[in-house]
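Next, two complexes with chain A in common: one pairs it with chain B, the other with chain C.
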Partner chain A sequence: MSDMSWKDLRDLECANLRWVGESWKTYATAMVEQTERLRTDVVDGHLSIDNYESDTADTVREQIGLIGDRFEDDLSDYATIRVSTTMLETADALEAEQLELRELVGLIEDHDFEIEGDLHEYEVNPSAALHRAIWDLKPPEWLCDRVGIDRASAWYDLASQADALVHIKPVYDSAKELCGQYQDWLRAIMSRAHDADDDAAAALSAMKENPPELPPQFGATYDDLIDDYKTALTEEVAAEMEAIANGDTDMSPEQVNQWWEDLSDAEREALIAAHPEWVGPTDGIPTTARDTANRVLLDNEIDSLDDQIASIEAQLAGARGYDEGGSVDYDALQAELAALRQDRDDLASLQDQITDDEGNPATYDKTGQSYYLLGFGTEGSGQAIVSIGNPDTAANVNAYVPGTKADLGDASGGLMGRTETMARDAYKLDPGNETATILWLGYDAPDSVAPEAMQEEWAEGAAEDLESFTQGIRATGGEEPSNMTLTGHSYGTTVIGLAASSEGVDADNLILVASPGVTVDTADALGVESVYATTNDLDPIGWGSVHGADPTREAFGATEIESAPGGVSENNHSTYWNESNQTGRDAMAGVITGVAG
Partner chain B sequence: MNHPPESEYTQAEAYAPMEAAAADAVLALPDFPGFERRIWAELPCSHNGIDDSDYTSIEIDYEFSLENSGSDLVREAYTDALRDYWTSLGYEITDEYETERGDRVDRGLVVQREDGIVLWYRVVGIVSLTIQSGCVPVSDHGEIEYIPPTGGIEPGSENDLVEEYFPDGIPTDQAAAIDPFANAQAVGALVPFEAPGSYEDLL
Partner chain C sequence: MSGADVFAMEPDEVHRSVEILFDVEAEVNRQTTELVQATTETAQTLADSDMAIGAALAEAAEWWNADRAGGFTSLCGNTGEYLAVCAEDAVEVDDYTAGDFASLADHDRYPGRANENASARPDW
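Our next item is the complex of A and B:
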């Protein structure tokens, strides 16, 4: 675990990290040119078949080619993907946090606060000097302004001093409130910095665990060994893919994307065909490949559930005939059967949603965009990640993170209806630039308002996956980064907030709709350039937040989007895209398409 | 509360008055260039803050072409015309907003009728007339009757995006049988819309 302190981060020379990354990249490029010379000048030149024609010459040419291939592969895998990209990604990540930290430390010092405590639980508290000033009834100007009192202009300004005495508790409370916000911000910065540091360390140390195999040396056993070597080369790609999918390589989505792009078309097609279970869920692999793999997985999963259902039905039929009251737990089997049927129905509905009558990927006809399946699962309440439009090529990407009671069945029902509405809204706002709209139910959402949605464990379970998902979208999105928005509703905002503050999310905008809190008390702690929040006046979520400050409070620092409620007799927690909130819908679509007013 | 508020219509019943409202609004638009697309869509409804699959919220969109969406006629004059017209019918203006977005001004005009139907003239990149039902009890798709589109869109064409409700094809016999203007209200002194022989020069 990273032991970087805030002072380490503040003083870190990120340029040095970047220089190392760039140097390795330059080195790798230069070395590939050498390999190319070996092929053209030596194999196809001096040692060409025109000059040397024999079995031995063929073997030598093959040996040189294999060594060249291995050298290039290793340059790509190690020098470029691992060392160089790790260094560059880490430099970018730490530099972003360093910039925020320096701004924050300036504010902390300006307000006469100080940083105390352990590097994983920093505290921001008033300094002794600030304590003294408050007790001397001479709080600083900024604190008087926050509380709304006049600062004593001189020792004889007794009226102002009396005012300060009367307001001494609010003065303290105000100072502590600001300390709390800065503390949230500092902890979020350091959490993300530690995360980047740990990721880099893991990626570099995993490299040592996979020493490359070289072609066999010439000798009596060469003919036997070379066949094994070639077989191993074929299997190596699958083994690497498996390690990536299982998280054993600690490669970032950007590194995964580079690795994928370095494969040949044939290798990629073979992986999708043979191992869709590794390709489908992996962030960093392009959307079209994941979609193809996930559709195969979906077919397989439905078939598997059909088999399981048939098996249990057979057991139950047998139990009726011969085992009534016997060894078969009839109730347990009935419950299992019901759960399997529910999963099967939900997955079949999802399949219908994304597939047309001919069995091809369906198109959302209102925007002319295809559906892409980026992930699904039946664990807990179920998961589904479905995109309307290809996020790899779209100018704007909006991922909608739903909240409490979101489940797999709803992924092709109401949640998809809301996703499609956002897609239509974006299309209307900016028909000239494509917006990909994603339903991101990539986590097990709480099943109840109380107690489950009162707990943060569901958000904690989602944080790393949401971070990885945003990084994956960036990695597959090409050189022109999209305008990326995460739109959370209800507990979905808590998921986004926790992921953004603890892991970091690679997004341009956050829209926090009907939020019960985002686990931090200030927008600054979320580490995203633009944070928007909206809660209508009749939404009961506004009566009190559970997971930190209400993001629509001015002190939180988000830009508020106006949302109109529906009828006074309605519960207005889920009406933000409905007939009562036209202003809010257009405002959200404006942010998502980057044409905010 | 256990359910969304009482609705005057079921889903199947709501389409006719909603379509009639659209057709009626068209009559208030002078020099009408025609709509380009019609869309039937739905949004989830909720009770106690949680989506309720027994209810749905219908949205019918009539979109102008991108070219017409850029004209002052459609962006400004029609907003004024609809404000005057809907106000004259006694509809309550529930929202009116304007947003500057770079070199264009977006706006919205929203009215609600006593039967709960909401009419939204939405001036954004693509200008549309959107009719919203509010929450209504879900109907089987088999109960939903086809209603021909208004505003110059050819029924059952590729611009009539209602296919998912009629997977076996647009029932043209129903199209002829239903009069979308049946529930329309009087237009007063405005000149009724006469469909041109061809939209070729207009769309």
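Our next item is the complex of A and C:
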């Protein structure tokens, strides 16, 4: 577990991590030159059939080929993908946090605050000198400015000192408010740094688990062992994919993508066909492959539900005539049947949404973009990740994270309606550059405002998955990174905020719509370059935030977007994508497309 | 002199193959050792900063050295030694032992091999 202190992070030589990553990459290239020597100079050269011809000679040539292939696979899978990429990704991640930390520490020192407490629960408090200055009625200039009072110019400036005395509580409160913001920011930086460190350590440790066998050496039982080795070789790619999908490798989406790209076309096609359950949900695998796999899974899941429904219906029908002893629990079976029918209907609706009349991927007619299925599930309220447009090739990517009461049924209803509205708005504003708009219901959303949406456990359950999703979009995108936005609505903003501050999200912009709070009190703690917030005047969410400061407050530090409410009789918590808020929608589209709205 | 079931063999060419296999073995060992040493030094500085990646990196580098690169060089050496024996006398791959290398190979040509004095008895 990472126990790095803030001073450790501040003083870390990230260049050393990067140097290790580059060294392993260079080493892997040099080692491939050695295996090439075996092929070129030995197998095809001195030991070619012209110089050495027999069954044994064939075995030796094959053995040398297998040894070289194994080492090249190892160099790719371990030296490059695991060690080199892990070190380079970690260097990038820690360097980003280090830059923020150095900026923050400068601010803390400038304001005469100090960092105290345990490294996992740092506190930022006024220093003794600042306490003394306030009690001496000589608060520093910046603090007087925050409160709106004049600083005493000299010991005889009694008017200003009297003003400071009258305002001593607001002065303290203001200092503590700023301390609180810096504390949130510091904790977020360290949380993301520890997360990056722990993720890297896990990836490096996992590479030693269940590595593929090496070819056997020449000697006793070689003939038997080499047959076993070749058999294992044919199953190796599937075994690796299974380990990746199950999370056993702890590989990042970027590493998964590198692994996938190293496979042959035939290997990829075989995996999609034989194991869509591993390919479909895995971040780092390209969108088209995941879409193909997930559509197969969706068909299979609907068929499976049909079978289960038929089985229960048969049980109920058969039991009606004969179950005089009451051995069948009708209520339980009826409840199970209702749940299965609900799941089946929801999945069928999702399938209809993304499929045209000929059974091909459907196209959203307002933008001409195809729907891509990146994930789905029926656990809890249900999950669905659907993209309008291919995020791997789009110039802009916008992922919409919905909030309380979002469920699988709504994924092809109102939630998809909002997603389509955002896709249309982006297309209208910038038709020359594609924007992929994604509904990310990749978590089990709260079912009720109270008590569930008052709790953070739903966001905690989503944080790692949202982090991984954004990293996956980056990994499968082109060389030119897309302009990526996460747009949260209501509790969806809490999900985004918690993920961004604790794990880190790889996004350029956050748009926080109708937020009940994002678990931190300052936009700086979110670790994303641009943060926007909007709440209309008639939205009841504005009456009080639950999960930290209201992001539309000026002190939070987000850029506010104006949103117009609907009619007074409407539920104005849910009118942000209505026509009545075209101004707000245009502004959001401006952020999402990178075009001033 | 011939290898097992040999229809044709140019012993000098086989010897050249052995030399390349041994050279690849040595070169990979050398570069891997250098890399692992440098990596371990960096890993220690990271561990000194209480970073989880420090110990994990050191262990990963050592595992790579011993198990994967080490496995590869061991196979290169084993194949080279087998060929060195084949260039002198017939032996099937299943019957081969390090003792064959000790007793049959040309040690003037391949001095300093660890198996130069290996026993024909299997190392159980």
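As a working rule, the second predicted complex is superposed on the first by the 587 of 597 C-alpha atoms of A that agree within 3 Å, B and C clash if a C-alpha of one lies under 4 Å from a C-alpha of the other, contacts with A are read in each partner's own complex, and residues count from 1 in each chain.
Throughout what follows, a contact is a pair of C-beta atoms (placed from the backbone, for glycine too) under 8 Å apart; a residue touches a chain by one contact, two chains touch by 3 or more.
This is a predicted model, so every value here is computed, not measured.
Peer 1: Putting chain B and chain C onto chain A via the overlay, clash or fit?
Peer 2: Here the two partners, once superposed via chain A, fit next to each other without clashing.
Peer 1: Thinking of the overlay built on chain A, is A:Trp19 touched by chain B (first), by chain C (second), by both, or by neither?
Peer 2: second
Peer 1: Between chain B (first) and chain C (second), which does A:Ala564 come into contact with in this model arrangement: first, second, both, or neither?
Peer 2: A:Ala564 sits against chain B, while chain C stays out of touch.
Peer 1: In the overlaid three-chain picture, which partner chain does A:Gln582 touch, first (chain B) or second (chain C), both, or neither?
Peer 2: A:Gln582 contacts chain B only, not chain C.
Peer 1: Quick one: is A:Ile115 in contact with chain B, with chain C, with both, or with neither? Answer first, second, both or neither.
Peer 2: neither
Peer 1: Looking at the overlay, what does A:Gly432 touch: chain B (first), chain C (second), both, or neither?
Peer 2: Only chain B is touched by A:Gly432; chain C is not.
Peer 1: Using the superposed model, determine the angle chain B, chain A, chain C defined by their C-alpha centres, to the nearest 10 degrees.
Peer 2: Seen from the centre of chain A, the opening angle is 140 degrees.
Peer 1: After the superposition on A, what does A:His573 contact: first (chain B), second (chain C), both or neither?
Peer 2: First partner only.
Peer 1: For chain A, which side has the bigger count of touched residues, chain B or chain C?
Peer 2: Higher number of touched chain A residues: C.
Peer 1: Measuring by CA atoms in the overlay, how small does the chain B-chain C distance get, in Å?
Peer 2: Taking the overlay as described at the top, chain B lies 45 Å from chain C at its nearest C-alpha.
Peer 1: So in the complex, the part of chain A that touches chain B is made up of which residues?
Peer 2: Chain A residues touching chain B: 365-366, 404-405, 410, 413-415, 417-418, 420-421, 424, 427-432, 449, 490, 539-541, 564, 566-567, 569-571, 573-575, 577-579, 582-583, 586-587, 589-590, 595-597.
Peer 1: In their shared complex, at which residues does chain A touch chain C?
Peer 2: Residues in contact with chain C: 1-5, 8, 11-13, 16-17, 19-20, 23-24, 27, 30-31, 34-35, 37-38, 41-42, 45-47, 51-57, 59-60, 63-64, 67, 70-71, 74, 78-79, 82-83, 87, 90, 197-198, 200-202, 204-205, 207-208, 211, 214-215, 217-223.
Peer 1: Show which residues of chain C lie in contact with chain A when the two form their complex.
Peer 2: For chain C paired with chain A, touching residues are 3-10, 13-14, 16-17, 20-21, 24, 27-28, 31-32, 35, 38-39, 42, 45-46, 49-53, 55-57, 59-61, 63-64, 67-69, 71-72, 74-76, 78-79, 82-83, 86, 92-97, 122.
Peer 1: Quick one: which bits of chain B touch chain A in the complex? Just the residue numbers, please.
Peer 2: Residues 1, 4-5, 39, 41-51, 53, 57, 59, 61, 63, 66, 94-95, 97, 99-102, 106, 108, 110, 118, 120, 122, 124-126, 128, 132-135, 161, 163 of chain B touch chain A in their complex.
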